[in-house]
Amino acid sequence: MERPRHQGMAKNTYLRWRLPLVCLLWEVAMIVLFGVFVRFGAEADAHWEEEKQEMNLTSDIENDFYFRYPSFQDVHVMIFVGFGFLMTFLKRYGFGAVGFNFLLAAFGIQWALLMQGWFHSFKDGKILIGVENLINADFCVGSVCIAFGAILGKTSPIQLLVMTLFQVTLFSVNEYILLNLLHVKDAGGSMTIHTFGAYFGLTVTRILYRPNLEQSKDKQGSVYHSDLFAMIGTLYLWMYWPSFNSAISDHGDAQHRSAINTYCSLAACVLTTMAFSSMLQKKGKLDMVHIQNATLAGGVAVGTSAEMMLTPYGSLIVGSISGIVSTVGYVYFTPFLESRLHIQDTCGIHNLHAMPGLIGGIVGAITAAAATEDVYGKEGFIKAFDFTGVYQTRTPSIQGGFQAAGIVVAVFASLGGPPASRPYPPRPPAHRPTRILVGGILKLPIWGDAAAENCFEDDVYWEV
Amino acid sequence: MERPRHQGMAKNTYLRWRLPLVCLLWEVAMIVLFGVFVRFGAEADAHWEEEKQEMNLTSDIENDFYFRYPSFQDVHVMIFVGFGFLMTFLKRYGFGAVGFNFLLAAFGIQWALLMQGWFHSFKDGKILIGVENLINADFCVGSVCIAFGAILGKTSPIQLLVMTLFQVTLFSVNEYILLNLLHVKDAGGSMTIHTFGAYFGLTVTRILYRPNLEQSKDKQGSVYHSDLFAMIGTLYLWMYWPSFNSAISDHGDAQHRSAINTYCSLAACVLTTMAFSSMLQKKGKLDMVHIQNATLAGGVAVGTSAEMMLTPYGSLIVGSISGIVSTVGYVYFTPFLESRLHIQDTCGIHNLHAMPGLIGGIVGAITAAAATEDVYGKEGFIKAFDFTGVYQTRTPSIQGGFQAAGIVVAVFASLGGPPASRPYPPRPPAHRPTRILVGGILKLPIWGDAAAENCFEDDVYWEV
Amino acid sequence: MERPRHQGMAKNTYLRWRLPLVCLLWEVAMIVLFGVFVRFGAEADAHWEEEKQEMNLTSDIENDFYFRYPSFQDVHVMIFVGFGFLMTFLKRYGFGAVGFNFLLAAFGIQWALLMQGWFHSFKDGKILIGVENLINADFCVGSVCIAFGAILGKTSPIQLLVMTLFQVTLFSVNEYILLNLLHVKDAGGSMTIHTFGAYFGLTVTRILYRPNLEQSKDKQGSVYHSDLFAMIGTLYLWMYWPSFNSAISDHGDAQHRSAINTYCSLAACVLTTMAFSSMLQKKGKLDMVHIQNATLAGGVAVGTSAEMMLTPYGSLIVGSISGIVSTVGYVYFTPFLESRLHIQDTCGIHNLHAMPGLIGGIVGAITAAAATEDVYGKEGFIKAFDFTGVYQTRTPSIQGGFQAAGIVVAVFASLGGPPASRPYPPRPPAHRPTRILVGGILKLPIWGDAAAENCFEDDVYWEV
């Protein structure tokens, strides 16, 4: 079945020993590392009774669990059902979409608990975890799910696990630089999750460029019911995005405000997406690809600023613009990226995550730079931007500058270094160290990826 | 494809300029109006730190966000996945069901934030919004989703947007009359949402009566998997209905009680629906239409009374009756409405929302009238019915009378005035001002609706 | 259509009078019993205002509703969408899977509120209910949904209702013995829900053994889209399992800890399941049956210990092992059970619930026995195991012993008495009183079950 055609060598997709080996060895590694490092944080530990007394808390309701658990569950649904089902639109890749997303996310959250834990929750040699760590692990894996969208249907599950290993690592480094070194605000992850995840995925799909992909063109479309399955993913992402952007904001008004801003932005985004979807199609018909994806751009684009005083009408403006940009991207940019830059982006993550993510970063920088004590209140101002300690002399305009710097860092980190000077005509794309490393490893002929004519086909890795 | 047949004129379903124009102009209008009017409420504003001190609150957990956000998200799922997927049962109208529901709801919640805001949250020239406003906007749009059920498959997306504009406006006026002028309790919206929404939708479908609809009869059925998609909608509506009915109840016991009553009512409703579905079918087989719809009547029918001391067994009784009434409605009333009153009700909203909504209003009136200080406690009694200020002299029986008046007002408002004296034989249905206005506008030949033989077909408005 | 073949008598599946009669009579019984017994608990009653003052509570947020309602809704989704859709994998039994699950669960939660209420919430002649009762009722019904998995496609809806009646009753007795008499901890129900439910279901399917089931073998498989529907069920069970295991734990750290342990266990379980699914298949391909089911074993296996100080790495270990055991079970045990023990287990509940449930019980016993004041803190230790009153002298090792005893009791209770001494060669399986009773009743030829060649076919009971 796996005849070598248009390929330098036969493709061996038999994973019987390779996939189990990787899964089991890595799970053993997780167990060992968790055993050495991971313990319950104070609010999840049985010593909490004593902790409560020390902290003078009168009620169990003050446990962070009650502030964040509902949002955590919504985020959890977005990662597993949202991203998983969004990618089931392909007619014969539903198992791979849901199943591989399940696999990489389940591995990724374990590795993210460790990586993020070392950077952010490390105390006396232990990583102390609570519900906020679970949310952050899901967030981190969200960026891998985004990258998966670019290479959907073209990689083996082992490649996805390898990519997850590298991406989670790099994500955590980038996140640490942004949040801790630059002291940037990015609660909904426009920069850390979306921009980073999307450009990382685009880099990977560029490295894994398949010149003969038109051989599986007939399988790159959808069928009627696969589009409906994808709408399950779309709607859960859309509905729960207010939880995504508010999940790790400060308690109280910040969580409340994030949810409202995101709600408004997403509502506006649906209208402009529908408008442009119809306008850009010759017969004026709506295109399911746009409805499934571009309607979500509004959530991405307020990821940084949702917890700020963006205001409801500001959110409507941002949401409207991002819906337009994203839909236009699907119609014009995606074909361009493939034909001219050899970037084959199966789900169009450049339109849904990269561009709206950049918008989100910019809107965040502007909103931060425009902040005043008048708008936030004296205490609210300090709390919103965490202008305490060494940061107490930061002004809004300086903060805006750092926010802008964060965008640049996120893009560079995702590309594995500064972009190549001449991306066209196509050349071996790995010019920078990380890119050489990740690219080199993912291109090794040992991971069991399929030949071009077998892409987008569940039959390769699944009993169908 | 769009041959004029049995129609006075050719139908032009080409929306390339019309749909974008409506979407974009209206979104611009929303941005302007939000810019002028909408601001964050105290609990979502960065000044909350100061507010907390003024209100002597010791913890962020007192923010209304933590009382209502989980319920809000459940309601949000009901509106977008619940109603959206419930209507995917048609074999070739899944995109329209989910997609148009998405479009009208996304527009509707913005317009509802404004309309309801002017009536209920207007202060010093600004509408101050918080999570409760988001819930109420979703509720308002819920009534539009209900009305959409009656005309499913027979209108263009522009008509739906126009209908949404009018319905949200009228909803808000009716809601203001009931809640503020009549001081009626209706937390789960039996009257304001279900009765109003259903009769509004039935009025619209009557106005848009299509004499030749049997031409698309083959498309009015379901296929096996479309029925399973619809069950996703059914179950999410069913499971989250306790959140729907408790979402805006008073903090504490009232929210708690609403959830319990609704849970009980819905459980009972499933059994009587199954019983009558089997009993009314010659071969004794169950009918998916009933299971998808009538099982939900129990949630509608306790919408008004759930937050009252209806008691669990009272809820079982109400749920049992509503399941029977609804199932009987599907078998006998729907065909009657179409053949005799020319009311073509695609989803049978008369059975799921109109009749159970009326039951809900009546049960609410009785439960209110039967309230005693003994049952509620002295303070609980005043709190439950808000018998303070000018209402402190109201007695339960007077409250019951006002509740009953609320039902009548809701029905009249939804019909756009008192019903025509002779609904049969069929005559031009628009006798009253609002009905003439809405009906006249929706019947304009400019909105791009399809010919009768192309109804219930996604191909008209979607790239398939 | 219902030709008698290989059967002693013709099968009559005409339910027109029987199903309605059972549904309506039982619902009337529920109404009467609820009327006599069920009232609102203090936190859902309108007297709560006074209660608050007596209990010196300063805020409505202290109402148990706000501690547990979000988890309740997640559990609710698991029961109705999780179990319902998980069982839609069969190509022509989707209506029965979702619909009958809906029916039996809707009845079961009412009966469970009564049964569990009499045992646990009975005060002055009344059952006082609140959100915790709703969760427990859903839990109880969860065990029935599990049992349904074993007999999926082979019984009539009336048989399912009869089974539900008996199983809920026996569940409540068993639960009372474990929780109250043995003072065993089992918040996530490894023993009370999973072990009990699974062995009960296996007993029932053994009693209802169908020797000619291979006549409907062609319908026992899945089709592409039915497998995707099933993945909806899988993912909702997987994602919400942290809520399941933490829903009724003590407020504060215990709920927090349960969620974290479950999250970790489930993540690990996915990797080992994928590994063994690929390893045990000749071509190394992944099998959807395993992914849909064995990935969930990690949630079952930490059901007892999740609220204890199992630690995150302990959870990873338990999750890893349970994924392996479960997958191996699907490949080797299920065929063995059918061919040698005549146990026809449609969904493989032995692999997903019975074995992981036993693991869960054992892990719970070990974790309890290993508890120390050092690990839990002095107060935390007493609170975690409720070592107060008559139990204040219990040591961890004694508690571990009681936990182990609980496993044995749960298994015996589910089998309706001690197991038969010689389960092979096959003999009439009902040796013990309960088994004779339940088995005898379910085998009565009056419930309308289908002939072997019509099993796994919606057409028998549904208008298709």
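For reference, chains read A, B and C in written order, and residue numbers begin at 1 within each chain.
Note that in this section a residue touches a chain if its C-beta (ideal position, glycine included) is under 8 Å from a C-beta of that chain, and two chains touch if they have at least 3 such contacts.
Model, not experiment: these values are computed from the prediction.
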{"item": "Cα-superposition angle relating the copies chain C and chain B, to nearest 5°", "value": "120"}
{"item": "Shared interface numbering between chain C and chain A [over half = same, under half = different]", "value": "different"}
{"item": "Inter-centroid spacing, chain C versus chain A (mean Cα positions, whole Å)", "value": "35"}
{"item": "Residues within chain C bordering two or more other chains", "value": "61, 66, 70, 225, 232"}
{"item": "Partner chain B, residues of chain C touching it in the complex", "value": "14-17, 19-21, 23-24, 26-27, 30-31, 34-35, 38-40, 43-50, 52, 59-61, 63-66, 69-70, 73, 76-77, 80-81, 84-85, 88, 92, 94-95, 98-99, 102-103, 106-107, 109-110, 113, 129-131, 134, 157, 225, 229, 232, 461-464"}
{"item": "Complex interface listing, chain B residues touching chain C", "value": "61-62, 66-67, 70-71, 74, 224-225, 227-228, 231-232, 235-236, 238-240, 242-243, 251-257, 259-260, 263-264, 266-272, 274-276, 278-279, 281-288, 291, 295, 309, 311-313, 316-317, 320, 375-381, 383-384"}
